[in-house]
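You will see two complexes here that share chain A, one where it goes with chain B and one where it goes with chain C.
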Partner chain A sequence: MNGRELSLLVACLVAIVVFSVASPHYATSGNAVTVLRNSVELLLIGLGMTLLLAMGGIDVSIGIVMGLAAIAIGRILGADGSPFLALVAGPAVGALLGCVTAAVVVLGRVPAIVGTLGLLGVYRTAVFALLGGQWLSGLPSNLTDLLAATVLGIPVPALVIAIAYLVVWLAVRRTPYGLHLLAIGNSEEKARLSGIPVIKVRFMTFVVSGVLTGIAATFYVATYRNVEMSVGSTSALDAIAAVILGGTSILGGRCSLLGTVLGVLLLRILQNGLLLIGVPSLWQPVVTGVLIIGVLGFEAVSNRLPLTRFQRARA
Partner chain B sequence: MTAPFLVARNIAKRFGALTALANVDLEIRSGEVLALLGDNGAGKSTFIKILAGAHPPSDGELLIEGNAVAFSSPKDAAASGIATIFQELALSENLSIAENVFLGRELKRSIFGVPFLKRAEMRQRVDGLLQELDAHISDPEAPVGSLSGGQRQAVAICRALNLNARLVIMDEPTAALAVAETRKVLALTRRLAGRGCAVVLISHNISEVFEVADRIVVFRRGRKVAERLAAETNHEEVVSLITGAHPDVRALEKTN
Partner chain C sequence: MRTLRNLQGPALTLALLCALWLIVIVGLLALKPSVFNLGTLTTILQFSTILALVGLGQGLVILAGGTGIDLSVGGAVSLSAIIAMLSLKLGLPPVLLPAVCILAGAALGALNGLLVNGLALLPFIATLGTFFVYSGVALAVTGGAAQSGVPAWLLVWGRGVVAGIPVPFLTLAIPCFALAGLALMATAWGRWIYAMGFNERSARLVGIPVDRVRFILYALSGALAGAAGLVSLAWLGSGRPNIGQNLELESLTAAMLGGIAITGGRGGVGGVFAAVLLLVTLKTGLLQLNINTVWQVGIVGALLVFVLLADRLSQRWRS
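Take a look at the complex of A and B:
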């Protein structure tokens, strides 16, 4: 555990203590479950976003990708489709939209921030068109029952997240993929000169992020049993905030998966706690925004950015 | 005289309207150190990037041991036994020495079809290479970005050696080095040639070139203007070839 991860852990604990003192409703086991429950989708999306930022990419459309996947799942459930089909739909739609993003950003060479911003606009309209101004609501509970089950006493969401974390961690720290990802994040041109299949690695990473987001959509639908118009509208901002809080460089070349997990938890603890002490939920994006600016500002003035200084000198 | 390892025929490279290289014919022989000289912007780096698979040529062809090759990436060139130390080194500053030396061709073992890195083995091989180079690096796990210019050069050279290449190309390998390190690199070029490797050395230091080169090729404004055996030319002649004051170069440039 590095210094950043340790300070995040401390920040989580401090926040918990402060909110416990401030609100009598805070320190209950029910609320702890709520916070963890609210973290599920963001943890999955955050893992993918960590990979994207590590390779110098980003995806600001990721929340709406979750929304589109959720609509697909909802439609299948609503049509009384098999739970198997509903389980496959999320990752499948996620993978498909990941391919679309990769086609634009990687093959089309549109800078990731611009390309995904463009897709965000397109996908938003698609959500509107698909829902036609109406929520998908009152969906059947077969998916909910499946995902509320426990295996050996461990809730399914926790199990899925643990597996996703382990797979991504192994890929990043124990296989050539991780080295290629970080090399691309440091400099695409140097990675290319080193013989790395840059296009393949970048393409694959957008697809992986899409699949993780599709799994997140499955949990979203299972939990809420409805899909509303604003589905996923804050997810990208939240994910980017959590990932950079966790110590992954916004400029690429450095990442921390544990940091992302702690970043997500801190964000959700703050959002939940502020709500409980009476801050209107309208203020939540403000908190996230201030956290992003705060972290990047802090990094810019402290000497935590030696890598980016090399990057600038060598660019 | 041995048959050439690599033959470049009529190579040209254009970047939009800019012609960086035109009509370059060159033979590179095993066991020989070939020095590439020329002013800034003469096209030396562009030429070796074509040999390294980093740029496709706009025109012309490359033959390796008589067979035409077309590199679509640096990986292809590496697979044909060409290792290149680029002028800008192309190291990943955020990765460690061993990770850089093996980047793009990592040692791995397959477990359930998943390729896992063999970190210990890569580290061992790199320690051996660094020792062979007599390079002193206190923390081999440190990111390459925290190393000095000379140490980075050593890492880039390790990378080339590790490939067991048949042709090693070095673009200004001594530009960032102190006297002692420069000696080591020059000795290394001779050792590589002694092993039967072909070596291409780019340098602006003419005395350095005379110390190690068997042949000298001079580029000027994207063209090859002269080729001499090192034993049959001298410092002054090479300078005049580079600057264009030499009668041969003048004659050539008049006809073009």
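Take a look at the complex of A and C:
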């Protein structure tokens, strides 16, 4: 755990203490479960977004990708499909849309922000067209029961997130893939010249992010048992904010999965706490936006300051 | 055929856009002959004014390169309109409303410029952050409610029509584009913008004040967004906190469709102007055909992706 992750942990604890003092409804076990529950999808999406940002990419359409995957799952459940099929549908749709995004951004050599912004528009229309202006609601609970179960006393969502985290961590820290990813983030041109299969690595990362988002969609449907028109509309911003809070550098070369996890928790703690002390939810995107700019601005300023005596001694 | 083959750069873009425009109009006429009349033309130009102003700012920011992009334009339009209306409620003399609206936009743009220049943040992430801040604040301080009380004389300007052409289009959009076009073609500033977009390193080496130009362009993009907010006030008669919705996508599409290279240094504002008219014609036509407005964002998004891919392909063919 480095300094960044430690300060995030401290920030989480401070936020919890402050909100507990400010609101009598905050420090309850029910609310703790709510915060953790609300973090499940964002943790999965955030893992993928960490990889994307670390290689200098981004995907602002990822929230709506979750929405589209959720619609697919909902349709299968609504048609009394087997829970097994519903479990596969999320990651499958996520992977498919990840391929579409990668085809545009990686094969088409379009800047990720512009390409995914265009796709965001297309996907939003697709959500509308597929839902026909109505909610998908009253879905059967067989998926819910499956994912609310516990294995050896551990809730399934926690287990799935732990496995996803472990797999991504191993890929980043223990395989050449991680090295390639960070090298591409640092300089795509240099990475290509050193023989790294840049296109393959970038394509794969978008697909991985899609699959993780598809799993998130499965939990979304299992929890809420409906799919509304505005599904996932803030997920991309939240995920980007969490990753940046966590200390992953968009300029490449630095990637912190633990930081992302803590960033997601801090973001959800703040959002939940502000709501409970009476700040209208309309302010949420403002808070998230300020966090993004504030953290990046702080990093930029502190990088420019002369080193402190302590830092000089270490360096 | 020879002349067609010799067409390159801006002329080719304009020719393609005109052809596309004709296809859109013919297609719409075939589907619904009563679509186009003088009233529709006025509506198209009225809608175009807002997108043209925002698209101009977006285009200039992208043209100057350095991965420049302004995703916050939509938020800046909404927030500057809301700031103007709220300061009116706080006792601002109504005469100053246009100035406050444009200055508020310029200040929001200048903040983007500070983040990009002063703190050296990547433009897409800095303006993505400010986009959510600006649009979020506009919604949150009003609770989502439209702010009424636009002075009557402003409505006269905003709703006036001369020979079928809306007055704001005549007095704001056309002059802005003419000035920008002239500046790009005939002044040192224009050369600087192309130079720094084409190769920032060499631009710095020959002494072009890259940082100052870039800061001013972000502030200008904000000021144009403020002007668009003013047009929305004068036209609709109230400040709507969500008036800038989807403008980041539409202005990007207009800039790309207008032939400005996403990497900067290539393109011009004439193409952006034509692209704005094409986009708004398409949107208005779809509206006339009673197609849900949700389809617009998808079509505009698909156009953006298509244009970017086509640009890459054509570059490969040429080389």
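As a working rule, the second predicted complex is superposed on the first by the 303 of 315 C-alpha atoms of A that agree within 3 Å, B and C clash if a C-alpha of one lies under 4 Å from a C-alpha of the other, contacts with A are read in each partner's own complex, and residues count from 1 in each chain.
Keep in mind that, in the parts below, contacts are C-beta pairs under 8 Å (C-beta built on N, C-alpha and C of every residue); 3 or more make two chains touch, one makes a residue touch a chain.
Owing to the predicted nature of the structure, the values given are computational and were not obtained by experimental measurement.
Once the two complexes are laid over each other on the shared chain, residue contacts for A:G253 go to chain B alone; chain C is not touched. With both complexes placed on chain A, chain A has more residues touched by C than by the other of chain B and chain C. In the superposed model, A:V40 lies in contact with neither chain B nor chain C. When the two complexes are overlaid on their common chain A, residue A:N186 makes contact with chain B while staying clear of chain C. Of the two partner chains, chain B is the only one that A:P176 touches; chain C does not reach it.
Once the two complexes are overlaid on chain A, none of the chain A residues touched by chain B in the first is touched by chain C in the second. Note for the complex: chain C touches chain A at residues 67, 69, 71, 115, 119-122, 124-126, 128-133, 135-137, 139-140, 143-144, 246, 248-249, 252-253, 256, 262, 292, 294-295, 297-305, 308-309, 312. Residues 58, 60, 104, 108-111, 113-115, 117-122, 124-126, 128-129, 133, 237, 240, 244, 250-251, 280, 282-286, 288-290, 292-293, 296-297, 300-301 of chain A touch chain C in their complex.
Here chain B touches chain A in the complex through residues 52, 54, 73-75, 78, 84, 86, 88, 90-95, 99-100, 103-106, 108, 114-117, 143, 145-146, going by the rule given at the top.
Contact residues on chain A toward chain B in their complex (touch as defined above): 170, 174-176, 179-180, 182-183, 185-187, 189-197, 253-254, 306-307, 310-311, 314.
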